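Shared between the two complexes below is chain A, which has chain B as its partner in the first and chain C in the second.
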Partner chain A sequence: MGAITIDSLTKRFDDVVAVDDVSVEIEDGEFLVLVGPSGCGKTTTLRMVAGLETPSEGAIRFDGELVNYTVPQDRDVAMVFQDYALYPHMTVRGNLKFGLEEEPDYTDAERDERVEEVAELLDIGNLLERKPGELSGGQQQRVALGRAIVRDPEVFLMDEPLSNLDAKLRAQMRTELQQLQDQLDVTTVYVTHDQTEAMTMSDRMVVMNDGELQQVGAPLELYHEPTNRFVAEFIGEPSMNFVDGQRGGDGFESETLDYPFDSTIESSVASLGDGDRLTLGIRPEDIELYDDAADVDVSHTEAMTVTVVEPMGNENVVHLTYDDSETRGDDLIAISDGLRTIETGAELLVRIPPEAIHLFDGDTGDALHNRLLETDEQPVTQ
Partner chain B sequence: MADNGSNFDIRSIVDGMNHRRLGIYVFVTVFIAFFLVPLETGIMTALKSTEAINRSLPFLPPAGDGFTLANLELALEQVQRGVINSLLMALPATIINIVLASMAAYGLTLVDWRGQIGVLLLFVAGVFVPYQAVIVPLARFWTHIFPITEILSPLARLVLVEPYHLELIPLMITHVAYGIPIITVLFRSYYKSMPKSLIEAGKIDGKSVTQIYRDIVLPLSKPMFGVVFIYQFTQIYNEFLFSKVLIGSASAQQATVTLILPQIGASTSGLDYGLRMSAAFLAALPTLLLYIAFAEQFAEGLKTGGA
Partner chain C sequence: MGTNETTGPSATEEGVGWQTKFRYVLNSDFVRSAPFWAVPFAIMAVAVYGGIGYNFAISLTDNNGTIEPASFSNLDFEMYVQALSDPNVIQAATHNLILLVSFTAICLVFGLFLAIMLDRQIRYKETVQMIYLLPMSLSFVVTAQLWLWMYDTDSGIINELLGLLSLGPIDFIGNPEIALWAIIFALIWQFSGYTMVVYLAGLQSIPSSQFEAGMIDGARTLRIYLRVIIPQLKASSVSAAVVLMVFALKAFTFLYAMTGRYFPPQGTDILATLMVREAWQYNNWAYSAAIATLLLLMALGVIAPYLYYQYREGSL
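The block that comes next holds the complex of A and B.
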């Protein structure tokens, strides 16, 4: 029904390569999120799937059928635009009905019925006679969604549909969208720069940077097993800590941190020689903080000073620096339990557990070693 | 201005402000008078008898039996024919002109196709073709190469159509052709500011290029239509050169108001200023009414279109 194959897709605007050799298989009914920083080519990719841009190279297939040059009118896709693009001169009813007029299998009465039905589904039944200019942002957003749903397309395309809503409404719409997609079971390609949206909503997500595909996978897969430093940094809030250093001694060496490897880690970095550049990554929530030396396994532990504490209620975000650090910036960010009191300026023992570290090639950024997952029996290596 | 060094006095600031404001008022009043006196003089002259015009200062209102409406009545009689001809020509010409220009601008701005820039440059070049350069070829074209009046002559048998009405058609088409470039450029700048996502939403909704124009672009161009309608109607209604070349004589049945106007009140015995002024005001009435009728759209169009 709505399976999409994107094969070595490339888009150039004059000299600028916006999308570079991207390949993804999207299954029917799947909720796929394209995520990346602005200018990474995710919107261009979506627009090519919609037919609003023509690919420079590569192929887009809907159920195996090549659609590179098919106009949007013939693709049976619906799109929700970032600015909603509601027709300002039409009522909500007019907006919803506008696309439906081109669907041949309806009588006029059936069209009206369908509009009412979708309006009820989205809880905008009482707004049908209003113009978009008279609606709030959230209501406009629902109308834009309704306009997509009403036609019952093969594919939904959404271009940052929640970015203009306030935080609370965004969270609410996120859930609602997810439920809706579940209910309708229509293939959805969703573009966002917000990694929280991507994590929470997607079946699978695609991380892009500089037009290139970085990684495709389920949200937790990307979180725990990033293929490179970019993905590791982009996914997760606050983002992963990175320490740049080199291979040396019996593990990792840097100006601030010496970190011996055990045998499992050693095997994944075996190819590197002494002095090769290496980056160590650790997620803030994996860092263990101790007040008292008596509680700690002495290995992999350093004394650090707290510079800033950001209490979030459920957790504290703790900024840490080495005592002898010359740079005044933070060396690590950790997360501690919200009920634990940590004072600014306090000295803590910081443990970086070996099972939670990630290692990246210092030059290419490729992941050499990912954290061990407790659910996995096998060590996860790249 | 109000700064008196160390001697700080709040009243001097207030006084300074008042003087300044007073200055502005005087300045504004002088300029309003400067611009309005000719107009006022015109109206007063139109309402005075010849004798009163010769006797009194031009801008003073008519006194006693100096007041007369005879000028207006006579002027109406003479100018009527020209005003009707001009309206018959200018209204359809303006409407056809702006509709075609809006379509062209849509095609050149919101639809993608190869060679767009070349065609656009042709339109822009069209803006700069001087009237004087085309009048001779134009006259020959309509009489020898494409005598549209003769071709359409069977239409003269229709009810309400007089043969001389057909004589206005070459003029009408000339105005349409000549007006399209500038109006297209104006519409183009308006369409460029229109959110592209609206057009894209139309495409996604399965609408053809024509449907998108009719259902989305056209309804949203209403304010711009107001602006260009006023502008172009005034241009065509007041135009003289093409009328002179294509119609020629003020005595012709199809003569436009701009041809007739210079003849009114002129005779060997001198100029009848009262009659001329009356005729001028009557001739200007349609454009004036149009401004009043479309004032709202005009303001809105200027605000949104930046034309």
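The block that comes next holds the complex of A and C.
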């Protein structure tokens, strides 16, 4: 119970296409995260699953049963809203109990028992007689969660539930939510714009942009094998470096960087002719920085100048520019070990390892070549 | 204000002189802000509370015939005893109460109904809102005349319409049994638009996620309104109710405009019309002042629960 099929789902608001031909299979018990920038259609998709919006085209099926026109009351879903939407005139107990009162097969004592059980689970048992206005943001969040859990639905829908919390509490709630979902084993569809949340919490994630589905997959799969430039850029913090150039010579050519390809890479770009536009991508943590020429494998190495160093403690984010480039901002961003001292203005030798590069079609943004992963680094498919 | 309260070098010493203390008082915020609050305060004290006090004083005399000379020699509560045993006063007070309760209650329910209908995404909301609000901007005198024509036994539109259904004609204003209800109906027509606007503002301040949360929780529309939405309109209800009740007490204008005499239509006499009649037609000044005090007490009875509510909510 609780499998959801989304089939060619499209939603138009007048002339605006909010969701464009999205298809996803969600398994029972899965934690699926919809992620994308604001206005990408992720919330609209969630609201269609909830029944708060009616699809313009396509189908939503719960366990194979078409629910397009089923009202939210009959869908057996629970939702956590971004603003929590707690009923301000009711106590926490009233808030938790309201949904149960709609279900006829409980006695009043059973309802109270259930409310207290869930309150205990979420550690809000001592707040039951308070009104939402008297609670902190984190407590309100728990009540909103409790209101969803108490009805024991087939599906949890969460619309950016953590976005109103401060950073520390958000990290804590993230872990708790994951544990809770594991424990309850209920299908969960979670919407967020925060790629960290998406990466850390999901079994699988769906990246959306401009209403269109970009890629579906396990978090590490999306990280290492993005299908296009948008996904590559969206996932990861700081995001992937991109150098725009063209196919030429014995590899990749751009104003600043000439990068010869080895045979493996060559085979994935064989279809391109000289002069075809190409984008080279490299993750900041894959860039190697050397002080001394003696340490370096000379191929794929350039001399660059450090413009800014952002120490994060565990790592340094190093902004690099080519020596001869006119001040056009940073050319590359790299990450180095937190204990290594790098001065602003220093000259470094920068190596872009061929096994870590991604290549994207310069016109369509489609991935042509993704980084090579050694067997022990294979993404763990969950 | 008050940052430059320097009181001279001696101020810091023990046992300062009275001049210094006086200067200190003169420099205080209370005294220095006096020109701003004292004038309105004085006007208020004389015109409102002075008026109430003077009215009360007159009600204790046996004054009748002329306003002057008011002799305050033997004061007693005789007029109040007389008023409370006067069937006219009792009847007027009853009418007042009926008007107050039924007018306010029906206006609130009807206004809420209209507001919910409008809030449920009816098109041209602004235009419709204006149409309902318009009667509120009319003077009581205009409304009274308008409804007098509409209620007319011979040619009024209401009796014409009833005639189409082969009913009537009904003498709405002339029949003491139904005259009060005819007037209440006219007042509801005038004020339910106002109630609707107050409720509509309240409804629109409730985020739509409240409604959606109710739907997800499995509640049907009617129950969402009863349990989730309407309880959150408490503040709107209270403020609309207070305004409506005050207007109900002020219905004098309406009644006076209906006949243009001190006698309103039979069966619609309220304390205000009775008071004016006693004072200006019969010159029973003391008696009329006693009725005025009773009316004031009634108004306080209306406003007191509201003030208490405000006090409890911490906004007073």
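Criterion: the second predicted complex is superposed on the first by the 374 of 382 C-alpha atoms of A that agree within 3 Å, B and C clash if a C-alpha of one lies under 4 Å from a C-alpha of the other, contacts with A are read in each partner's own complex, and residues count from 1 in each chain.
By our rule, a residue touches a chain if its C-beta (ideal position, glycine included) is under 8 Å from a C-beta of that chain, and two chains touch if they have at least 3 such contacts.
This structure is a prediction, so every number in the text was calculated from the model and none was measured.
On the shared subunit chain A, the superposed partners chain B and chain C overlap sterically. In the superposition on chain A, no contact is made by A:V22 with either chain B or chain C.
After overlaying the two complexes on the shared chain, residue contacts for A:V143 are found with neither chain B nor chain C. Of the two partner chains, both chain B and chain C are touched by A:A78. In the superposition on chain A, the residues of chain A contacted by chain B and by chain C overlap at 50-52, 71-73, 77-79, 81-83, 85-89, 98-99, 102-103, 147, 151.
Taken together, the chain C residues at the contact with chain A in this complex read 207, 209-210, 212-220, 223, 227-228, 231-232, 234.
Per the touch definition, chain A reaches chain B in the complex via residues 50-52, 71-73, 77-79, 81-83, 85-89, 98-99, 102-103, 147, 151. Those residues of chain B that touch chain A in the complex are listed here as 195, 197-198, 200-208, 215-216, 219-220.
Residues 50-52, 71-73, 77-79, 81-83, 85-89, 98-99, 102-103, 147, 151 of chain A are the ones touching chain C in the complex.
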